[in-house]
Structures are given as structure tokens and as C-alpha cells.
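Data first, discussion second: the structure below is written as C-alpha cells.
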Amino acid sequence: MVLGCIMGDPGRAERIVVKISGKLISPDHPELVEDYAAILGRLEEEGYRVAVVVGGGHVARRYINAARRLGSNEAILDLIGIAASRMNAYLLALALGGKAYPLVARGLEEFMAFWSTGKIVVAGGFQPGQSTNAVSAILAEAIGSKLIINCSTVDGVYDKDPRIHPDARMLPRVTVSELVKILSRTQSHKAGKYELLDPIAMRIMLRSRIRLAVINGFNPENLARLLGGESVGSMVEPE
Amino acid sequence: MVLGCIMGDPGRAERIVVKISGKLISPDHPELVEDYAAILGRLEEEGYRVAVVVGGGHVARRYINAARRLGSNEAILDLIGIAASRMNAYLLALALGGKAYPLVARGLEEFMAFWSTGKIVVAGGFQPGQSTNAVSAILAEAIGSKLIINCSTVDGVYDKDPRIHPDARMLPRVTVSELVKILSRTQSHKAGKYELLDPIAMRIMLRSRIRLAVINGFNPENLARLLGGESVGSMVEPE
Amino acid sequence: MVLGCIMGDPGRAERIVVKISGKLISPDHPELVEDYAAILGRLEEEGYRVAVVVGGGHVARRYINAARRLGSNEAILDLIGIAASRMNAYLLALALGGKAYPLVARGLEEFMAFWSTGKIVVAGGFQPGQSTNAVSAILAEAIGSKLIINCSTVDGVYDKDPRIHPDARMLPRVTVSELVKILSRTQSHKAGKYELLDPIAMRIMLRSRIRLAVINGFNPENLARLLGGESVGSMVEPE
Amino acid sequence: MVLGCIMGDPGRAERIVVKISGKLISPDHPELVEDYAAILGRLEEEGYRVAVVVGGGHVARRYINAARRLGSNEAILDLIGIAASRMNAYLLALALGGKAYPLVARGLEEFMAFWSTGKIVVAGGFQPGQSTNAVSAILAEAIGSKLIINCSTVDGVYDKDPRIHPDARMLPRVTVSELVKILSRTQSHKAGKYELLDPIAMRIMLRSRIRLAVINGFNPENLARLLGGESVGSMVEPE
Amino acid sequence: MVLGCIMGDPGRAERIVVKISGKLISPDHPELVEDYAAILGRLEEEGYRVAVVVGGGHVARRYINAARRLGSNEAILDLIGIAASRMNAYLLALALGGKAYPLVARGLEEFMAFWSTGKIVVAGGFQPGQSTNAVSAILAEAIGSKLIINCSTVDGVYDKDPRIHPDARMLPRVTVSELVKILSRTQSHKAGKYELLDPIAMRIMLRSRIRLAVINGFNPENLARLLGGESVGSMVEPE
Amino acid sequence: MVLGCIMGDPGRAERIVVKISGKLISPDHPELVEDYAAILGRLEEEGYRVAVVVGGGHVARRYINAARRLGSNEAILDLIGIAASRMNAYLLALALGGKAYPLVARGLEEFMAFWSTGKIVVAGGFQPGQSTNAVSAILAEAIGSKLIINCSTVDGVYDKDPRIHPDARMLPRVTVSELVKILSRTQSHKAGKYELLDPIAMRIMLRSRIRLAVINGFNPENLARLLGGESVGSMVEPE
């Protein structure tokens, strides 16, 4: 029973942060946006309080590439990537209708104000230098969530890059420090580059004992299955 | 000499509004963005003061289509189209570097504040119910410009739709009321639909005697040629 | 039974947009402001959700005239007219007390945030180039209302201008296109000029199938009578 | 030579705060607005840096009276009076054109940002509980001005109310404490009530050694005459 | 029974404004912050609606002193004192958790928006020229509270300064005008100077018939005792 | 000649980011604030364009400790630490007077707008999850600076903690990766903890080839000496 231990306080709504890749919440996949809205709405009815963070995906990538060619520096590239992530976040907020706060939160103070209304709150990026994974971790900390669910484009965490190594093995459970070692071989520092776990997110997970579930988000039902107690994808432990 | 008559006040910098289609200023065409930045920068050096409005283009279209499928109404679709137009506008502002105000104006009051710095100001859409063509007309009126240059995806105004009628003829000169008749046969009222001249823009052109040049924006040099006095595209007269 | 057909979805609060002329909601008629607050409060208790848009009226007219004499252009005149409409809107919000959101919405995004609180939301104008009639239509679309009630200074729509033609006849039912023809003979394009139906409002009514009731707002009870099913004033159909 | 002593620092532009009654800057007197814009523009050309505060006047009075009848409390009445003062302030900013910052400052931080552009900055009221006279004093302190010129609707300070006492005598020179005694017999505490010198303004004048010239603003030339060294109206000395 | 007369309207939650000295709500006394959060939370559960204003205290004093040495004028000193008061206010909001709106109100309009959510709202200072005592009075007026409770660093109002006169006597009941006389011998006009009752607060108490209880806030239970009907500290009557 | 290589583009003002510890710019050391203002002003006169970032220091530490005791989580602790850093930043902006933009930048977009005025811009923290060191790196990237000068409370980078190891040796030159190894033995992840180089700052230095000078900021002249070409403190190279 994967999630038993996070349900400590029965009198309070269970709080979770759902990070969804911008490759999933985008104009390319309106059906996925619809599915996610349905599942997040269901979670809310079941008593969860949910904060959602959406990444920039292909649209961000395209604007970043264009701006880089125009000579923009990395900090500015982050700004335009953040703008794109907010477009995707807004798309999800629209699909959620009255269940979500109708504006996308642009920073933690704004998020806290929106969150106090009791609705689902959707955010994109906050500030240059932080990936949307970092934003997820900050929000988890701020609302007292002990679990981030990363609806990603991979099945979970592998011991090596599965695109290169056919013998790569998915790890159902991995510690942050193990993950850091795995990632250190593959990641880059350019703006908008895909990063499963950036240094801020890692630091926050450690200091506030937050777990990170990495699941394949192309199938939104994985989210429901995970919360139902099934073993899906990988669980990164703040150990 | 097409533009002679607009240069009435030699003591003041000539003011123009340049509307550029979101199909031209977009991540799909960084080289066009670069070219437009170069030409607009040159215009400024030659003593023009320039306000620029950028449309939403394909990115807007894709978000609007996705949001429509998610059940959003037209007013909300406008909102997401406006957000997309601001991304394109920001891309152009980045390419302009220090010559442009570093933020995209989101309404007329904000525009006036940015404009007072003396820099080129770039805007996308302002509010639902207004196309970026309407925004161009509002800005022209606000800054006292008598000319809007619409860098569009067509060569100019035709007497019938050239995609259907092989014998369509481009009109070097046309009045607003003639244009209204031509357009009334082809336009739709859906959010983000292409509109060369929306009702607000038309009304403003008439009440403030503003001319509208329609040129093929795939070749940015058309902009320089037009201001150099050459006959390019069509001139819509507020008559 | 005029309004039967708009009550399709019994599980959801009926949503209506009430546009009130700035000649009615103004410091000149505190008793009318009081009456409107009472009726709108009653509607809310009966289960309606209500968005209200207030025009600029005489105060707007006076500021616009003064600013025009000072050399302001039409776009800037719109700005000062919008500011005046917000003063009137605020007056109504004050009269509504705890039933209304305590700030006046200045754009659609802000409106949606205020609307999500469940309270009555009052707006004035949004942006230059849009009359408060256009704002009403945008709000109707955004909240999914199929009816705008225009509390105007006339009894309804006439086939000709009743101030000039003693034989003018009020039309209980008229289509948008018929109204356009009637208005095309009388309207002007100056900022703040009285307009029953501006081009944006018309376009939105058509694209989203919204009806517009025009009633004499000097008697606020007309509003309650209309919603009670009586035939009052004219109904403009999006046909 | 009334103003000689305030011109201590020849290397820096002389800074003055001009308070103008809302009875003078209003849509009722566009010609006065025009005259003030001309004079303030001239002052700027002569090397003064000028901050302007405009009161609410008749429009504020009418909204306050209406809102009071609707049951609003005094703090809220202040809010609507402040909104009206900003409309008048905006009218003056429009008349000043490019010489003024194009937005009305709504608080001290915003004022300081606008002021840093080098332009004339116009403000109305800031917050409930403060009259526009208090705002003038705060701005004088903030920009290091040693003189506030109050363009009022009276000729100057009288030893008794001249509307009642035919033998009232205008005082060319009076100390703050003398003025307090004179005013204590006539002033009221209701929102928007005319107050030549509210307690905050008085306190600030004392603590920062600021002088207050009270002149008849129906003749804008009085402003130029005063700065030219003529004896006009009354000078209130911070002792 | 001190408070009996303020409880006139049994159908509406009793509204009170609690002003707490920045010497009590500060990082120096986290245990006091905790105690106040507990008591304010309890009051809310008992059916009170509570607005809280927190002063700047020692932190404000230190920043003001430093800025004064750097040559800042009094208006700017007020700004930095206001910033410090908001830090203390935020500390209290944090301690109140979900019972308080998560942002500190920075002006009356913002306060009214936050207040409309039904939560406890915490403010610091608003604008230069106003002490946090003035803010308390403005809020009392705005929300229709007839009682401000000033949790101060003294036991109550004395007939003379008890730090100097061993025979000073605390006054259980005093009128505003008596208090003014007492204070006129001791107060200064410098920014951030301690003031039990500034001129704005006094004027508002008089015009809206608001009472001010002055209690020793080092013992937070005094607040509960006062509301329970015990005689604690001094009651200043708007007489 | 330490800084020779960063001065590549003679036609453009040299741009530098100066990070100053909140232990130096604080109300505890007004004389240091004064000294820094003088030196930064001098640098600007010599043709540098300067962005300044100020940390939270002791005030931040005290608020964070108090809030932690009140049960706040780390993300919220970051918020209050950021608020404190902005107080210190404001103190420096005040001391800089007209040479600095009069508001503290709260995010990168705001910073870019302020920066476009040509003035010195001062910032504190931006968002939770980012130290003020990260903000320095983001700003360096955004303005195209190749050098951050960290005015810290230590003499430079040591090979071990000099407070513990008497034989610790200061390193005049060190690479980022060497520094990471040194720091990995000493740093903690709690909010507001002192960090010479957080992971974001490091990543940005690497991706944009920015150097970091660490100098003892208790002597502000070290800043001038460093820019004058002297060897002061440690230079961290993006190698």
C-alpha cells in the first residue's frame, strides 16, 4: 500500500501536488487535457485538495529556440518559457471550469491567495532559474503536501537512459541521492531543458520530507491508480 | 508619392503603428522576427516613433481550437488568443533589445505609460471582443498616428477572394466603405478568425481619419519600401 | 411567456447580465441606485446569478466634452469615459453592500476572478474601443448567459427615432439585423455617444445566440416584471 | 521678496507642489484646466520640477452625497471621493500632454516611480482618512519641496469667515498655529468636507518646515505672479 | 458591563478591530504572536468578525533611524516604517493559518476585497502620513465596527505620563477631547513616533462614534477579558 | 590584472552585479549603507551599469526563526525572508537617492522594466526556493554581465571552514566545481541559511560563463579595489 503512510491527518483534506508535463497539457492533446480535468475533478470530490503545476512543453521549446536564435540570454529564455507554461496551465484551468480558480498563479503569494478560496489552483512557472519541477516542490511545501505526482512522458525512473541502453531497468523505488547520481550523467543546464528533478526540487524534498511519484502521464488513469494504492511508475523517497 | 500627405508636422517625430500578423512574428519564423526588428530599429533611427501590434497567429489558433473543444465560450477563447498574441509580441520585443520597452503592453493605460519612455512599444491583444486590428486602430488614435501599416499574409486588398476567384484584382486604393462591402461576403465572427478590418478598427479609422496600408508582410522590406514612398499593396482610405 | 426558452438547465443558477445606463445609476438619482440594488438583491435570493454593467452617463459625457476641448483624441476620451463608468458602477456596488464583490471589475480576467466568489459583480467599461454594451455582451458570453437586459432611457426599440417621428412604433420583437438597419440611420462614432447596440455587441449576440431585452430603466420594476414573464419593452433576437 | 528664502540650492531644480482645488480642475471649467496646463508647462520650462495634487470638487461632493444616502460609511465615502479626485487629476494630466506622466499616481510609492522619469506628476487622493491637502504635504516632504501652493477658491486666509463677517481681514502672513485656531471654529470632520489644512498637513508642515501659500485659483496667473515674487494671497509659515 | 451597548444587532456577527503594537507582534516575542493567534481564532469561533492592524515596533524604529541617518525625509521614513509593520502583520497572519487571509492588506480597497472572503484580515500601515492607529480607525469605520481594542504597551490612559509622575492615575473612562489634552503635552510629530491616538484616528472616532479600548497587550488574555465584559484598561469614548 | 578579460565591448557600459550581504546592508550598519551608496554611485559615474542584490541578514533570520516556531513551513519562511531582504534593499535604494530606481524589483520582468530607465536597480529576493545569490546570477545573465561581486562577511573562499580549522587557506582562484566540493561539506538546506553559492547560481554561472568574486564586504573599498584591478578575495571561475 504505497500511499498509506502519507495519510496521517484524517480530519484534514489530503493535499497533493500534481505536476503535469507541458507535453501532455497542450493544444496538441485536448483529449488529455479533458481527461486530466475529469480526474482532478474526481479527486477533489473524493476529498483531496489539489494544486497543479503545468510545464511548458513543445510550445515553450519553440519560443525558447526562436528567442535563443534572436540572441536572448538564458534568463530571458526562462521568462518566455514561463509564459508558455502559463498558457498550458490556463488551458487546464479552462477545462476544470468552476472547480479551478479562474486565473493562473504567477508566484507563491498569489498562489496562497487563490488557494485560500478552496478551489483547485493551477500554476505554470514562477521565476527564471526555477523549473516547474521546483515550483511543484515549493507548492508541496507551502500547502503541507507530502506527495508530488509527476505526470511525465516516461514510465518512471530508470537506472540508465532507456533510449540508449536497451537493458535499462525501471526502479519502483529510489532515493533522492540515488536519483541525483543517475541524473548527473544526463542533464544539461540550458533553459527549458527537460529535468525530472532540478536541484531546488531535490533540496526541498529533502528538507521537508516530500515524496515524488514519477508516472507515465500519457495515460491519465495512472494518476487515479496511484492514489488508489496501486504500484505505478517510480517513487522517489527523500532519503 | 503615397505618404506625402501624412507628414504634416515636421517638428514632431512621425508616428506610425505597425500591425504584424502573428503568422509572421512567431517561433516558426525567427528570421522574419529578426528582419522586422532590424527594420523597426532603422525606422526609429530615421526619426519615426513606432508602436507595434502583433497578432496571435498559429499558436493562438491552436490554443483556441483546443479550448473550444474543451467547451470554452468565445469570450474565454479570446482571452487565450490574447495570451498567445502577447507571446509573439514578447518575441519581437526581445529581438528589438534595448530599443523596445521590455514588457508587452496589456491595455491602453499601460501602453501610454510605456510609450512615455520614448521607446518602441510592442502590444498584443488587449481585451476580448477586440481583434489586434482594433488594438492597432486604438493605438493609432491614442498616439496621433494617421497611418497603420498592416503587415499581413496577403498582397493587399482584392475585389474578391483571390483563393477562389482567379480573376480577382488587387486594389491599390480602396475606401473603408468599399472594403466593408468586400469583406462582408467573407468574414466570420468566431474568436481569433482572421479579420483584416474589424468593426471597431473601421469605426476608429473613420472617426479619426486614419489610413491603413495593407502589405505583404512575408517580405519585411515592403515596410521600408512603403515608407520610402513606393506603391506597395493597398491603401485603405477613411473615406 | 417571454423567457421560458432561456431556462434550459434547472440544476444551475440562471445567469443574467443586467446593463444599466449611466443616466440611471449616477449621483443624480440615488433613489434609482437604491431601487436597483434592492431588485438585484432580490433576484440573487431567487436563485439568479447576476453580472451588472453600468454606463458612464452624464458624468462621463461632461469629462469627455472637457477633455475633447483640451485636445484629447477619441481613444483617450474613451479612457476617461471608462473611468466615469467605474464611478457609477462603484456607487451601485456600494448600494449592494455585502451582496456584491467590493471592487469594480476592470477587465474580463479580473471579472472572472471576482465572479468565482459567487457574489454579484459590477463592472463599468473595460478598454477604449468598446462601449459598455460590448462589455455586457462579452460578460454574457463569458458566464454563459443567454440574456442581457438593457435598462435604458427609452421604452424599447422603435422603427424610427420617436423624438422626431410622432408615428414611430415600438417593436416588441426585432432581430439583430433589423435593429442594425434601424440604428444605421442614427448613430455616430464619437467616444461615449449613446449606442444601444455597438458592432461588437451585435457580433457577440449573433455568434453566441444571446438575446437582448431593451426596457425603460427609469422604472426599475420593469426588470422584475420582465423576469417574471411579462412583456416589457423590446426583445432583440440573435436571428 | 516672498520666495527668496526657499531658493537655497541653485544647482538643483526648484521643486514645488501645486495643490489645485477640484472646483477649478473639473469638467465645469475646461478653460481653467487649459490655463493651468499652460502655466505648469511654463514653470517646468523655467526649471521648476512640479508635483500637482488635484481635489475632488463638485463631482466628488455629488458622489459622496449619493453614497451617504445609500448608507455608506465615511471611510467608503472617502474612497469614492478619491476616485473622483483622480478623474480631475487625469483631466489635468491630459491637458499637460507629453509634459506629464500619463497616469495619475495613487500612492507615494507609485508617485516616486513616476517622479523618477523627470516629468510633471499629477495625483488625486491617496487613501481614506487623508485629504488631498495631506497628500500635498506628503509629496512636498517626499520630494524635498519647501513650498506648497494651494490654488483655492478663496483669496487667502482670513481672520474670520468672510462669508459671515463683512469685516473679515485677509492675512498676508500667518503661522500654522494661528491658522489652526482660526480653522478650529469652522471645520467639520465629514468626508470630502472642504479643509484648507487638515491635521496631517499641519503636522507635516511643522515637522519638515514647509510653507503653504494660499491663493485664489480662479485666476491661474496668481500662481505665476506668486512664483515671480509678488505678494499674492496668504503665506502660512511653519511657525 | 462595559461592552453591552455595542452589541445592538444580534443577527450580524459582532465586528471588532484589534490594533496590536508592533512591540508585541514581532520576532522578539513569538510566544505573544502565538497567544494572539489563539485568542483571535477563538473570537472568530465565538462569532466575532475581526480585522487586525499591527504596528511597526522596534524593527520599524531601527529602519527609520537608519534611513533618517541616510538623509531620508519623513515621508520616506513612513514608507519604510509601513514596510516593517507589514512584516509584523504577516507574522501574525502566518500564525493564524487558514483563519486569516494569506496576504496583508496594503490599502482600504484591498482590505475590503480580502474582508469579503469572510476571513480574519490583517493589515499593517497603509500610506505615509497615517499611523497604524489611523488605519485601525479607518477599518473600524469601513466595516461598521463600533469598537477598536488597542493592545498597547501601557496599562491604559493615565492623567499624566506615569514614567515621570509617580502619582499618575489610570483613567478607566476618558473622552476623546480629554485624551487630546493629555496627549498634547507629550507627543511628537516625527515618523514612527509612538502615538496612542493620532489626529486622524481621533477625528474618525468622533465622526463615526467609535470607542477605543486601551489595554495592556503584554498579557493577551486582557483582550478576551475585555470582550467578556471585565473592566480592563481604559475606554476612550467619542464624546 | 584580474578584470581585464571581462572588458570586451568598449562601446557599451560595463555591466556588473553587486551582491551585498544583508548583514552589511541593514539598520545595524547605516554607515556601511552610506559607504556602499557612495561607491556604487561612483561606479556609475565611471561608466558602469550596476544591478544590486541585497540579502536578508539578521532581520530575515529573526523573522524566519519566529515564523518557524509558529509552525510555518520552509516555503513560507522563504517568503518572509524575501520580505526582509527587500527592506534592506530599500534602505540601500534610499541611500542612493536619485541614482537608483525608487522601487525594489520583485521579479525579473519588473527588474527589466526598471533597468530600462538607465538607473541603478536594487533587488532583494524574488521567489521561494531561490537565495539572493541565485537572484544575482539570474540578473547577471539577464543584463549580460560576466561578473558578480559578492560582498560577503568572509574574506574569500577557503579550502576548509576557517572558523574550525586554523590552518584553512584562502584561495585567490577556484573553479565552481572545486567550490561545490568545499561547500558540500558545510551547507544546510534550511530557508535563509547562509549560502555562498546555491545550486541555481552555480548552474547559471556555468551555462553563461559568469565569474564570481567573493570579497570581504565589511570594507566597502574592497569593491572599488577589485574593480581597479587589485587582487582582493577569491575569484570563482565558471570552469
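A, B, C, D, E and F are the chain letters, set down in written order, and residue numbers restart from 1 in every chain.
Here, a residue touches a chain if its C-beta (ideal position, glycine included) is under 8 Å from a C-beta of that chain, and two chains touch if they have at least 3 such contacts.
Computed from a predicted model, the values in this text were never measured in an experiment.
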Mutual neighbours - chains that touch subunit E and subunit F alike: A, D
Distance between chain centroids, defined by C-alpha means - subunit D, subunit E (Å): 30
Distance between chain centroids, defined by C-alpha means - subunit A, subunit D (Å): 54
Subunit A and subunit C: spacing of chain centres that average the CA atoms, whole Å: 43
Subunit D, residues touching no fewer than two other chains: 76, 79, 109, 117
Arrangement of touching chains [line / ring / star / complete / other]: other
Interchain pairs in contact, sorted by label: A-B, A-C, A-E, A-F, B-C, B-D, B-F, C-D, C-E, D-E, D-F, E-F
Touch list for subunit D against partner subunit F, complex: 109, 112-113, 115-117
Subunit D - residues contacting subunit B, complex: 98, 101-103, 117, 119
Residue numbers on subunit F that touch subunit A, as the complex places them: 73-76, 78-79, 107-109, 126-130, 134-135, 137-139, 141-142, 144, 189-190, 198-200, 203-204, 206-208
Of all residues in subunit B, those that touch subunit A in their complex: 26-28, 30, 33-34, 37, 59, 62-63, 65-67, 69-72, 76, 79-80, 83-84, 86-87, 90-91, 94-95, 97
